[in-house]
Amino acid sequence: MADLHPGEVVPEADLWLDLTRRRRTGVAEAVYAPGKSPAQCAEAVAGLLAGTDEGPVLLTRARPAQAAAALAETPGATCTAVCEDADGASLSILTWRALAPRKGCALILTAGTSDLPVAREAAAVLEAYGHGATVIADVGVAGLHRVLAQQERLAEADVVLVVAGMEGALASVVTGMTSAPVIAVPTSTGYGSGLEGVTSLLGMMASCSPGVSVVGIDNGFGAACAAVRVLAALGPEESR
Amino acid sequence: MADLHPGEVVPEADLWLDLTRRRRTGVAEAVYAPGKSPAQCAEAVAGLLAGTDEGPVLLTRARPAQAAAALAETPGATCTAVCEDADGASLSILTWRALAPRKGCALILTAGTSDLPVAREAAAVLEAYGHGATVIADVGVAGLHRVLAQQERLAEADVVLVVAGMEGALASVVTGMTSAPVIAVPTSTGYGSGLEGVTSLLGMMASCSPGVSVVGIDNGFGAACAAVRVLAALGPEESR
Amino acid sequence: MADLHPGEVVPEADLWLDLTRRRRTGVAEAVYAPGKSPAQCAEAVAGLLAGTDEGPVLLTRARPAQAAAALAETPGATCTAVCEDADGASLSILTWRALAPRKGCALILTAGTSDLPVAREAAAVLEAYGHGATVIADVGVAGLHRVLAQQERLAEADVVLVVAGMEGALASVVTGMTSAPVIAVPTSTGYGSGLEGVTSLLGMMASCSPGVSVVGIDNGFGAACAAVRVLAALGPEESR
Amino acid sequence: MADLHPGEVVPEADLWLDLTRRRRTGVAEAVYAPGKSPAQCAEAVAGLLAGTDEGPVLLTRARPAQAAAALAETPGATCTAVCEDADGASLSILTWRALAPRKGCALILTAGTSDLPVAREAAAVLEAYGHGATVIADVGVAGLHRVLAQQERLAEADVVLVVAGMEGALASVVTGMTSAPVIAVPTSTGYGSGLEGVTSLLGMMASCSPGVSVVGIDNGFGAACAAVRVLAALGPEESR
Amino acid sequence: MADLHPGEVVPEADLWLDLTRRRRTGVAEAVYAPGKSPAQCAEAVAGLLAGTDEGPVLLTRARPAQAAAALAETPGATCTAVCEDADGASLSILTWRALAPRKGCALILTAGTSDLPVAREAAAVLEAYGHGATVIADVGVAGLHRVLAQQERLAEADVVLVVAGMEGALASVVTGMTSAPVIAVPTSTGYGSGLEGVTSLLGMMASCSPGVSVVGIDNGFGAACAAVRVLAALGPEESR
Amino acid sequence: MADLHPGEVVPEADLWLDLTRRRRTGVAEAVYAPGKSPAQCAEAVAGLLAGTDEGPVLLTRARPAQAAAALAETPGATCTAVCEDADGASLSILTWRALAPRKGCALILTAGTSDLPVAREAAAVLEAYGHGATVIADVGVAGLHRVLAQQERLAEADVVLVVAGMEGALASVVTGMTSAPVIAVPTSTGYGSGLEGVTSLLGMMASCSPGVSVVGIDNGFGAACAAVRVLAALGPEESR
Amino acid sequence: MADLHPGEVVPEADLWLDLTRRRRTGVAEAVYAPGKSPAQCAEAVAGLLAGTDEGPVLLTRARPAQAAAALAETPGATCTAVCEDADGASLSILTWRALAPRKGCALILTAGTSDLPVAREAAAVLEAYGHGATVIADVGVAGLHRVLAQQERLAEADVVLVVAGMEGALASVVTGMTSAPVIAVPTSTGYGSGLEGVTSLLGMMASCSPGVSVVGIDNGFGAACAAVRVLAALGPEESR
Amino acid sequence: MADLHPGEVVPEADLWLDLTRRRRTGVAEAVYAPGKSPAQCAEAVAGLLAGTDEGPVLLTRARPAQAAAALAETPGATCTAVCEDADGASLSILTWRALAPRKGCALILTAGTSDLPVAREAAAVLEAYGHGATVIADVGVAGLHRVLAQQERLAEADVVLVVAGMEGALASVVTGMTSAPVIAVPTSTGYGSGLEGVTSLLGMMASCSPGVSVVGIDNGFGAACAAVRVLAALGPEESR
């Protein structure tokens, strides 16, 4: 079976889907649309749904044609618009078989308006896994009253996501205001000295507030996965 | 009031405008057009005008459609063309409710012609806040007589802005020629070894002339804000 | 009271201790010994103990003289040797008023032997806050059977810390093996291409395993703080 | 003959083809299509075929018009589609005068689907030189069972190529599983913290698994050349 | 006079002192002690005092032997201990001919205790030029109440210096709280992800708070020079 | 005359041309076309011709519309095609009032075909100043016989320019083969690990061959200017 | 057995030795001395010898006290001096149970004298595994005749290692001269623009000579391991 | 003769001296003392003197013991102190068989006092090759009158070396003031934002003054070699 067949390329139609990922890690493999044809997106979604018994299947950052192909093959997804790409086409995240609501709510804070797409992606992933997610935009530290006004929400949240570009200072400030786990997402928003997210990433890693941990630049999906791991400890019950 | 409403996204129509920023910091929040729809630009401008009693409201780096939408919603702005973007559309800065002229003049020097858009943006912001701003272009140190000819203007200026890409040497030279505060703006002009502004930024930070301070790459708006803070000390009277 | 007294330096004897940090964030301010005199270490520890009613006070990376001075001023600390510094003096972490054991156990995996000091610091902080911490050293991915043998421990852990230098691949592998929250700590071990931890940091941030989050280079203290936030959700009971 | 003729540019029609490269290094000069006109591609291919007696001539990363021009001038090539470029045009690798099959098989593993174009280019080069090449896609370490399932294939392979972006951890894991030479290719797939392949490159260089060696970012051609050098030691016989 | 005398090195005893710098720029040339022999320090100080009629002459970062030599040659300096260097020797800043007090007070905030040496150097320079300088240490954003408690002092200050290492977030927060000019100084304190001050430098440059400007890493002297330029606009009267 | 006229922008029609640059430095200011309108190009060329009595005026990297506008305003230029830009439009360098041939010949070697545009620009500038320039393409060190075959030309050349991307090794090899001054130009050709010219730049700076000096990435114009300075020492006579 | 025992640190005396590494990868785990106490070195060597039946055990970069402790515990090693460290103590590599000579010879070329320690370490590892290794020092490309004189040796070698700092150009030149596999080792020799090996690493990765592959900075051990994998294909017989 | 003798290390006593380098490149191989034992220094110097008929032999950056050993073996050198190293031992450059004076004078300008060691090394090399070299220290652009006063010397110089750390702006200014070839040397003086010479290197490469070329950080020897190549064109006669 594992003999070498020189010249063979494992056929793309047989993409090696990681069907046991949710059982192992709590979050199933998702289909990342960029770089895939509409047909490949549809096939991968269908394959994940067929190969697993339950739980969410996600198609992320899908352009309209990709979303349409996947929905034509497998109807019934929830579709959330995340942002427009450079050509003005909207990018969406689609969810099949979302989990029923369970315990654990996330508060997602963004420093600016341009951080919203990353925040929306994270929120959609959390909701697919049954967790509530509140997004509060535009609470950057240049006007400190905005984040100070979130004190009550911070006290209630089970996990906090901080999404910020530029210098990423919001992560340090928020981490000093709450005892909840804080997961920071550097974004590539801003220009020049922001170095496409590297400045924010380094700032969050070097934060003076102990207890913040960081995921990759613009990686809203990864931040949500980290949050789902944290919230799983709260148990299976309804959260609302 | 601050209850968690899972799934809620603070609606974009309610962008959390920082209405007290001018009172706190001397310069009001400005609307940065790139990445916003024409309608969002118009709405943000109108919201800032409505939410504050007086003082300038700025829309920066606006493409024609963004400028038109904002002007349709709220007529009466001064419009300054700053540059053309990659597609040949002009980018402008629009000012509503400019302050009356007051004390304090800025001299803005650029090393080359391609630094002019950053200089023009800084000048428009300074003028919106009632300060005179003279822009002198093309006085880079490759031909030292050009900046030496500015000695008289340097002596009269209350604050000096130096806008330069490539190696940014103009900042060191100017800082050695004047006792006025000098604010340097690295620009991403040039190519190759300029590393999109990083070379100029580092050079200005490591300047052998003590007393220069630096803002982010291409950040003409930020440099003007720093200058407004400096000039505020001169008092409220007319400057001309 | 807040009048400006020109020339005044807030006296060092009055170091502005953050006495409410544990109430706000779950983990109290710790005294970082490097760069402080033995007397300053002793004073800071005493000040934190006096200014708060309960909970751990930590002195981290203390050289023998610093540890001795703090213990002379305030006896009764638990002292854990962490590593030897370049001069052969041992560095220790000291704990006063450790919390009683409570729910929540951490598994700390290191890729190599030289990552142990960071792991030991993290373990000592977790134990000060009442959590169990098991350190398993030398399970780097060059010999995959070593980490595969930890499958059972990974299933039992409430949170996993992965401490690794070089390329940091252990974080990706472990994150794919467990549904527990995974906090990765890049270390500056290794030489040359490891770029003093930057290679490991970047690799962990770009991990192909969704759900891992990362703290700063060699920041075992910060990783433990993040873990304490996660474990707090499990409630106050004894864990053993 | 070598007199200086000022102003002369060695005419492009006479591109200085390296006609002895295969004799010297085992692999002939290949024509890299990007940046060449269709006519230049055709001319270079014809020139290499005419200037050498035997052995493969390759045209790499050719767009349809470049491939068509070369085939019109010199029919008889094998054409393998590698990927689509940003504009949706397919890029191909064309082979004239492939060698007869000989000893030595390569196993090419990719971490993700988006690494396939680099893997396919490497496979086509190996096959042009008479070596078998099996590509197994999507065995990234986030789901370790996928690469563990390749143990048998790894034992049979004469050389292993690992193609991976993001953090490149697959190279460390595979190198620990086989005694065959392992050549790693970092790819620019992924986004943000992957830094366009630099993160993967650094991670592979700093690998904790001794014995892996690395070629440049996205350099599938170079990896195949390194593999051909290794396989040449096995002698000239048929491999199948 | 300017003939070329091959082989001649302009003698070090004739160090080309910049005797007109204070007239040109408001701040005289200072003697930077590191790398100079005690005799060179003494000679440079004496030369600057002799070559100018009035105003401060400063010797910065002087080790005890350098300070002693300069004081032996030219008594009468004020000596301020700044920090201890790696060998435990104290570094000092010495001031001859300090100006009488004049208008303009600076508030210097540091994020941590280890930023104090940079803050003390800046304060000593400001005081040499007749300006009041209040240093408040340890108001980092991890405990936001500390900087919020400075609101009154911020309102009174004529210029604010923010000295911070790690992620440098204090600069963004303070700039949003005051309308005074804010000059930020990144420091090389911290370890690992702070990248010896580069993280803080980049974060301050990319700050979300418009109006902050930045000087080089650990450059307390440069920050003070920038502040002296700003304060000069307030006029010559006594400030207290 | 030098009074501050607030709001004034030195009119672009009056671009501050550096009319004495050739007298001071041997090479006149050139007009760099990118970013200028066709009208601005025409005006700048005309201004430089009018403002100086003799010597070359150059318009570099001109697109067809820019070249046409300048030629319409001022006929009589020599036009050399350099390369095609990303949109397929040819970029040219135009020369007005080229100097008569004089002593001094340059040999320009390129590592690959894609380095030719930079080489052609350098050649055109040298010829405008009366110097012979021979371009030999494709002598990269991967096939050492190609550069070894240039030994005779290297012995005759008065100055050598080495244009190379990728790792830039050709500069080290050539510098060890000749006693002529060698000026190296790193290019941004290549992809991935070439880091857009930074790898080549660093390699040339760290060259093991003493005596090579380096100009900026892709800066063929600067390299030619450096060569003109070197060749000027040979005197004014005809070189052919 | 795998139960969590909170607080337990897997005892250092039980360092998790990778006893099956040679069977899996062809090269056994080696003991890297830096950072280990003499006792730890001795224990690790003894453990590896006891835990495996045959084949080499290596102690690398051992200072005299470490070597002495290991030899006292387990006599019979071959000891090769590699270099002196910064304090003048010699660093050695010790080999127990070297393999009998077998087929396959390596040629190790260094660009300069200061690259010799890395070359010597690689040679000692190759000899421990039964392979011949010839080291030729000082054949850098600044004097091309030196490497050209190695043509005959290059033709005979089964694998070539190129050890070079500075710009690393030797790797490109050698790869163009031989059809043997070439493994390049960047070294941190040189200063300034060599960036402690990063310049050489990048240059080797971006080499214009297809077929070179690269290991980490100063990683002579890793290069030898890669070479052992390549040479293993030649079979088990004596090589001399 | 070139047979492989496995295990052979070309004996260090037979260091492969590049005896034809002066004939090929105009400047002979020099002995770089750091990292060599006193005996190796003496042997290398003697070998170069014996292996060549005439022309200078140089020993650079020699500590007292290295200089003494070389002088004991081969008396008669000129010895120039360059600087003191970190331990207070003076570093010298020694010259045997200096050339008689010939045409061509260099002017060496430094921005600050701490750039003098690099300038002195360059001057000593130039003088060994018979060229006059005038060093003018401390003409940095912070006080522009200092470099402006060199106008006459600049007009007389045949080649100009600019040695500068920090932001390296002196190179741009000087290049605009002279038509002589300008060779810039970035130095690692300064601290923090100077990034150990990288800031200066990048600034010089991106200079707005066309015609400057750059050598490696602190590479005074390389700059002198480049200058010797330039001056050779002036012919062999006495220069004074």
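The first chain written gets the first letter, and so on, giving A, B, C, D, E, F, G and H; residue counts start at 1 in each chain.
Everything that follows uses one rule, which is that contacts are C-beta pairs under 8 Å (C-beta built on N, C-alpha and C of every residue); 3 or more make two chains touch, one makes a residue touch a chain.
Computed from a predicted model, the values in this text were never measured in an experiment.
The most distant chain from chain F is C, comparing centres defined as mean Cα coordinates. If you average the Cα atoms of chain G and of chain H, the two centres end up 35 Å apart. Between the CA-based centres of chain E and chain F the separation comes to 43 Å, rounded to the whole angstrom.
Averaged Cα coordinates give chain B a centre that lies 56 Å from the centre of chain G.
In chain G, the positions touching at least two other chains are 21, 24, 142-143, 175-177, 192-195, 198, 201, 205-207, 209-210, 216-217. Inter-chain contacts occur between A-B, A-C, A-D, A-E, B-E, B-F, B-H, C-D, C-E, C-G, D-F, D-G, E-H, F-G, F-H, G-H. The touching residues of chain F, when paired with chain G in their complex, are 111-112, 140-144, 148, 166-169, 172-173, 175-177, 190, 192-195, 198-200, 202-210.
Partner chain H is touched in their complex by these residues of chain G: 105, 107, 113-114, 116, 120, 123, 127, 131-139, 142-143, 145-146, 149-150, 152-153, 156-157, 191-195, 239-240. Of all the residues in chain D, the ones that touch chain F in their complex are 2-10, 12, 15-16, 18, 20-21, 24, 29, 35-36, 188, 196-198, 201, 216-219. Those residues of chain A whose C-beta lies close enough to touch chain C in the complex are 21, 24-27, 30, 158, 175-183, 201, 205-207, 209-217, 221-223, 225-226, 228-230, 232-234.
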